[in-house]
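The data blocks that follow each hold one structure.
What follows is a pair of complexes built around subunit A, which joins subunit B in one and subunit C in the other.
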Partner chain A sequence: MTEVRPLLDVAERELRTVVRTPTLMLAGVGYVLLVGGIGWLGGTGAYLGLVLDLLTPVEVLVPVLSFAFGYRAVLGDRESGELATIRTYPVDGYWYVLGVYLGRAVAVVALVLLGLAAAGLVVPLTGQPQLSVIASHATVDSVALYLRYVLATTLFVLVVLAIALLVSAAARSTRGGLALATGAVVALAVGLDGALLGALTGEGVATGAPASLLALSPNSAYRSLVFELSVAPTGVVVPDGPTALLSMVALCAWVVVPLALASRLAWR
Partner chain B sequence: MRAVTSVGVLVVLVLLLAGTGLAVDPGSGDQLSAVPFDRTLTTGLTGVDVERARESGYVIPRGQVFYSQYKYVVGYYGTDALVAGVTDPQQTAQFGQPLAVFVTDLAGTEPRVTDDGYVTLPNASAPAWTRAEDAWFVVGTPARTPAGPMAVPFGDRAAARAFAEDHDGRVLGWTALQDRVEDDDAASDHQPKVAARHRWADRAVDRARAANDRPVSTVVGTDERAVVAATERLSASTNRSPSAVVLGEDAPTLDAVVDDAPPNTTVRLLPGRYDANLTIEQPLTLTGTGTGTVLDGGGDDSVVLVRAPDVAITDLRIVGVGDANAGELEADDGSAWDRRIRLAYGYGDAAIRLRDAHRSLVEHVSIDTPSNGIVALDSDGAVVREVEVTGTAGFEGFMSVLPMYSRMVVEDSHFDGGRDAVYAHYADGMVVRDNHVENVRFGFHDMFTSDTLVANNTIEDVNTGLNVMSRPSGNVVVGNDVTDSSVGISVAGSASYVAGNVVVNNEVGISIGTTRSTYRANTIVGNEVGVRSATTLPTNDVFENDIVGNDRSVAAGMAALESWAVDGRGNYWGPVPGVDRDGDGVVDRTYDPTDAVDRSARHSPLANALAHSPAARLFDQFQQAAPGLRRPSIVDPAPLSDPVNPDRIPANDTNSSRTTNESTA
Partner chain C sequence: MTARTSTDDDGRTDGEQTDDGQRGGRQPAVEVDGLSHAFDDLDVLGDVSFSLSPGTVACVVGPNGSGKTTLLRAVADLLEPDAGDVSVGSGDGRRVGYLAQQSAFRGQFTVAETVSFYGALVPGPVDTDAILERVGLSAVADRRVDALSGGMRRLLGIAQTMVGDPSVFVLDEPANGLDPTMARRLRTVIGDIAAGGGTVLLSTHDLHAVDRLADTVLLVDHGELVATGPPAELLAEADASTLDAAIETLGYGGGTAGVAPGLHGGARQ
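For the complex of A and B:
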């Protein structure tokens, strides 16, 4: 357990850095307002409706937020020379990267949860018109669907942040980091899915293609997980398949592999 | 403690809380229990069938469904309707899968089957509810509802078996019952129905008008010379010698003349004023010379009573009708479930009352009445045509034509004043076409009347042009034109077809109160509200209508989101945000006429710019998923880029600013 201390030291330092960077805080507040706003703008009285309303915007906004918080993490230390100093301490590369990841993740996840909470309040707080003479029941809609969505989104945040750290560790200059980060966000939001779409356009390919292709795109894996966890139980028709497990495994792999790569690159 | 630990712990706590979401199974309906039936949104068998069964103590099996995506409980009269509600893909797309289904449980109620096939409960017990998946249904027995054969539900297999053995039926489970009921696509294609009903009306008119060819047996007048002259002219031209009757000399009253006339002949009335409270009790044609022949009832009671089939009353004018709108409630004419309606409405004073007067004809008759014009009871095939009824100003008068239990035709007539132009009570299959109506409360008022054809009527300045109430089914409303009224067309019930109507300058153009009905190719222009959704069970097809130039295109209902398009074709709303890229006549963007931005995109540059933003497109994407859980609103996923009936839309409503300038220039 000797490594836990330096791990938490690094995480603490990262969190303080984030909190002391006004632009990041501004971005965070902006994100919370945006997601909350989308929830309230939709004004839906059902959690299922809210999940469907939020799905696409969040899928795009979460990478933007995560990269804003993550792409300079290792890169900043490298450029300021602090990385060289840290390397003289008795800390292994992967503990350093893990600490950075932990510190930043706490901040980003907290912000994402705040945003989703702000949006989620719309359902209990919006008065739905009600025909009092007609018996009503709770329907299949329940807060559980939304909570599942929150869980899936948190996992997605962790994935994207891990990729952001990889970019941060790989970049050697601010300009290069920015270019890589932008490229990565575009790739996540559009590129990977675009490539999959392109690969599947042939006749009969789409239905026959193995579901495991989902693993190639974190966004698709996340989306599929949300469909499986939050949408399918309500009777909205979603194709059957073992996608929940597949998506979970894929997303976990998308956390572990980039972090492992990042720790190799950071110390290089 | 470090900040990262405290924030981290907080985050983990929140995530643990969110993790409870995985432990709950939201798709389970096990905790649900049946609710009182009168608190459900009811559909299924028509209002008249339900009323008749209630009055006679017959059982109609009922069901209630809790849909996964609709918070209101839906009640069904009849097992067929219940099965359709659970299996119909359109219904499940709108409201989700059934979480729980309950049916009437007749176990322990000792049901009997009457000679007519109706099921009664001798010990007057109130049946309980049971879950459909635990229920057993007996089919193939003589048991029926007014609508057809009935699957008799029991919560207990032994009881079902016993009933099946007593009545030669077989027992089915819930799944087997669902497989057995075939798809009812009665609501799909209505064009043949329209043509068939027109054909029936044509035949009815031809048959009734045959009475115009009866030989003249009697010529009646008040002036002796005129009577003689007319009789001589007739004998010369037809080679027959009709008897000449001078009223007051040869016969005391007109009533006596029609009593004495040989059956299947014509009694011709020369111009003049006749005191008439007469009763016709044999097949006879009573004809005048137009408005110069006046039957005067003296302001008391009904003027002409017809109590035989195949009677014709033509070419005359009727005045002096009594002013009693309603009959005696104490009377008894053998009616049952609708006794009050039948006695009150069916026996008021009228210019002409048809009773058991099948295939009778009223043609070219002009009526002034403070109460009813023509009342028809139990007179199938009766025809009212080219009639002019002038009622009272205001709504104190009553109905111009009041068919009860009479499948009749009302055509080519003009109704002005009084309460309702045509009030139909349980007159299934009647046809109302090509009439002109103004200054009344309702143009056509449908009560408990199914399978009607209401076509090509012109209606203006009324409260409601066409008003279908009381949950009937299978009504067809086509090609009517309603202007300057409070409500143009208001339809309730199910499986109805409203098409090709033009509603202009009304407070509300069309009010949709139906289920499983079609609204197509209507022109809805210049109303305060174009289309109002008033149904709590939105299962209608609304498409290819032109809805333009209204203050508000639509008013959303109370229940849920409704999507108005069929097979990728929605409605024409005028210019809407978005473009038709592939030229298929459909704009590639969802239009939400209840949304503030979409609604004002045509007039406000800000709203227009916003409506085209990626953000707006993003929000629209999933808007139509899970409609039953959404806020009441209306979306058109496939708005049309061009009007369906451009010739019916005034030029200044298709392209606002430019043509307005031209027309004022």
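For the complex of A and C:
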């Protein structure tokens, strides 16, 4: 079947599954409260300060949330026998994986946006801006900076969820899936960044490598994108890194390649 | 051993060995030719051939690890065999309705939602109510899957196989865990499928069910088809009064498969 209908039906099934799974909903609510809380407790009173407050925690929390929602998506169907059942239907593997991805992405993106919206309310709702960190750039602070940050974060969510689905398609057991997911989260948050930073600072094998290499790491690409879109326009000096365009291309590749691999692995 | 079984136009097996698996000009619903498969260096199926005409109920019988599940998965196109050909049904829609040995559905969904989901994966409309009626699950259509008994879940699995009106049904131990009442209902459903022209290939350890259901029996041992034919023919061939005794004589004693003669290592499902 070459229609888009199976994709939407699989996506709807995934979304309903997530909504009807209390533990996932609890994790989602926890994420929203945590991110919202960070925004409110930071109390910078400016969008730029809020972005800087949220950047690192979100960089860690998004992979945790995305893997919680994604690592069992394909694996669960495989273990229950439903994947074998679905394979006897006239549905291609890539439609199935895209449907799973779409359904889970709607849920995770909605939760992440909710968290960022909760945090973002701190700026318009607090009367006295506290701009001690970025006082000299207060005039260029605007909600546009925050919206760009939200956009970059949405792209980051899509990247991490795609990687989570790849893990889910590659795993053959719950234990294996959990181990792979944990390894992937650690690799995303620490490993790849560490290796690339090591290379760039002369501690790795590729001494003197260009800063654009940071785009190879999803986290670094995301961070660079946020710096380029939401921080640099204010005049604040940001670390050397890939351009916004390169970061976006890299992040898009981190969506497409894992999903393509997951499609192949799911049907094996 | 390479064996072939054919059925006549009434869908009854005559057990006659044929070369082309066809009779009376009808295309076989299932045709397996020289099927062999190994997992790494473990040979699981060796040169299995048979064909089934429409309307046949064929029971695959054999000890644990004899290759039954591998055979069924190959027929359902879930496994690419190392050698041989499998031809099943025809058309663009769903050709095989498959029930896995360990089959579960998402507990967060109702019975009707589950069948509807699968119905959305096939071209054309699917009458969910009619399917649930056929397997006797209409009364629990709105019940969540995680609130069903094991037997009802198995029947839901059978309901799922009917979605898209496939011509061939591959059921891996469908009576697993069913109480006598549910097992009776299952036999009725399978009989109805065959009466409607559907071909059913199922594996089971329940020889009483084989006796009541099977038009033909495929006796698998150590990955090879060691005997095939209608139950009555197997009884005559083995000069036995029960299927149990006949199978003991013809193929295996009901124990777990060990190392297959001519195969490397042990066989497994």
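We take it that the second predicted complex is superposed on the first by the 245 of 268 C-alpha atoms of A that agree within 3 Å, B and C clash if a C-alpha of one lies under 4 Å from a C-alpha of the other, contacts with A are read in each partner's own complex, and residues count from 1 in each chain.
Following the convention adopted for this analysis, a residue touches a chain if its C-beta (ideal position, glycine included) is under 8 Å from a C-beta of that chain, and two chains touch if they have at least 3 such contacts.
Please read all numbers here as calculations on a predicted model, not as lab measurements.
A.B. asks: Please determine, from the superposition on subunit A, whether subunit B and subunit C clash or fit.
C.D. replies: fit
A.B. asks: Check the residue A:211 against both partner chains and state whether it touches subunit B (first), subunit C (second), both, or neither.
C.D. replies: Once the two structures are laid over each other on A, A:211 reaches no partner at all.
A.B. asks: A:256 in the overlay: touching subunit B, subunit C, both, or neither? Say first, second, both or neither.
C.D. replies: Neither: A:256 stays clear of subunit B and subunit C.
A.B. asks: Taking the superposition as given, does A:245 touch the first partner, subunit B, the second, subunit C, both, or neither?
C.D. replies: neither
A.B. asks: Touching A:109 in the superposition: subunit B (first), subunit C (second), both, neither?
C.D. replies: A:109 contacts subunit B only, not subunit C.
A.B. asks: Identify the partner contact of A:41: answer first if only subunit B is touched, second if only subunit C is, both if each is, neither if none is.
C.D. replies: First partner only.
A.B. asks: Does subunit A have more residues touched by subunit B or by subunit C?
C.D. replies: On the superposition, B touches more of the residues of subunit A.
A.B. asks: Taking the superposition as given, does A:16 touch the first partner, subunit B, the second, subunit C, both, or neither?
C.D. replies: both
A.B. asks: Looking at A:85 after the superposition, I want to know if it touches subunit B, subunit C, both of them or none. Which is it: first, second, both, neither?
C.D. replies: Touch status of A:85: second partner only.
A.B. asks: Quick one: is A:5 in contact with subunit B, with subunit C, with both, or with neither? Answer first, second, both or neither.
C.D. replies: In the superposition, A:5 touches subunit C alone.
A.B. asks: After the two structures are laid over each other on chain A, how near do the C-alpha atoms of subunit B and subunit C get, in Å?
C.D. replies: 12
A.B. asks: Would you please give the residues of subunit A that touch subunit B in one complex and also touch subunit C in the other complex?
C.D. replies: Touching subunit B and subunit C on subunit A: residues 16.
A.B. asks: How about subunit A: which of its residues touch subunit C in the complex?
C.D. replies: 1, 5-6, 9, 13, 16-17, 20-21, 80-82, 84-91
A.B. asks: In their complex, what parts of subunit B are in touch with subunit A?
C.D. replies: 2-5, 7-8, 10-11, 14-15, 17-27, 32, 35-36, 39-41, 66-73, 92, 96-97, 99, 536, 558-559, 618-619, 621-622, 625-626, 628-632
A.B. asks: Can you check the complex and tell me which residues of subunit C touch subunit A?
C.D. replies: Interface residues on the subunit C side: 73, 76-78, 92-94, 96-106, 108-109, 117-118, 120-123, 160, 163-164.
A.B. asks: Can you check the complex and tell me which residues of subunit A touch subunit B?
C.D. replies: Interface residues on subunit A, with respect to subunit B: 8, 11-12, 14-16, 19, 38, 41-46, 48-49, 52-53, 55-57, 102-103, 106-107, 109-110, 113, 128-129, 131, 133-148, 150-151, 154, 229, 231, 233-236.
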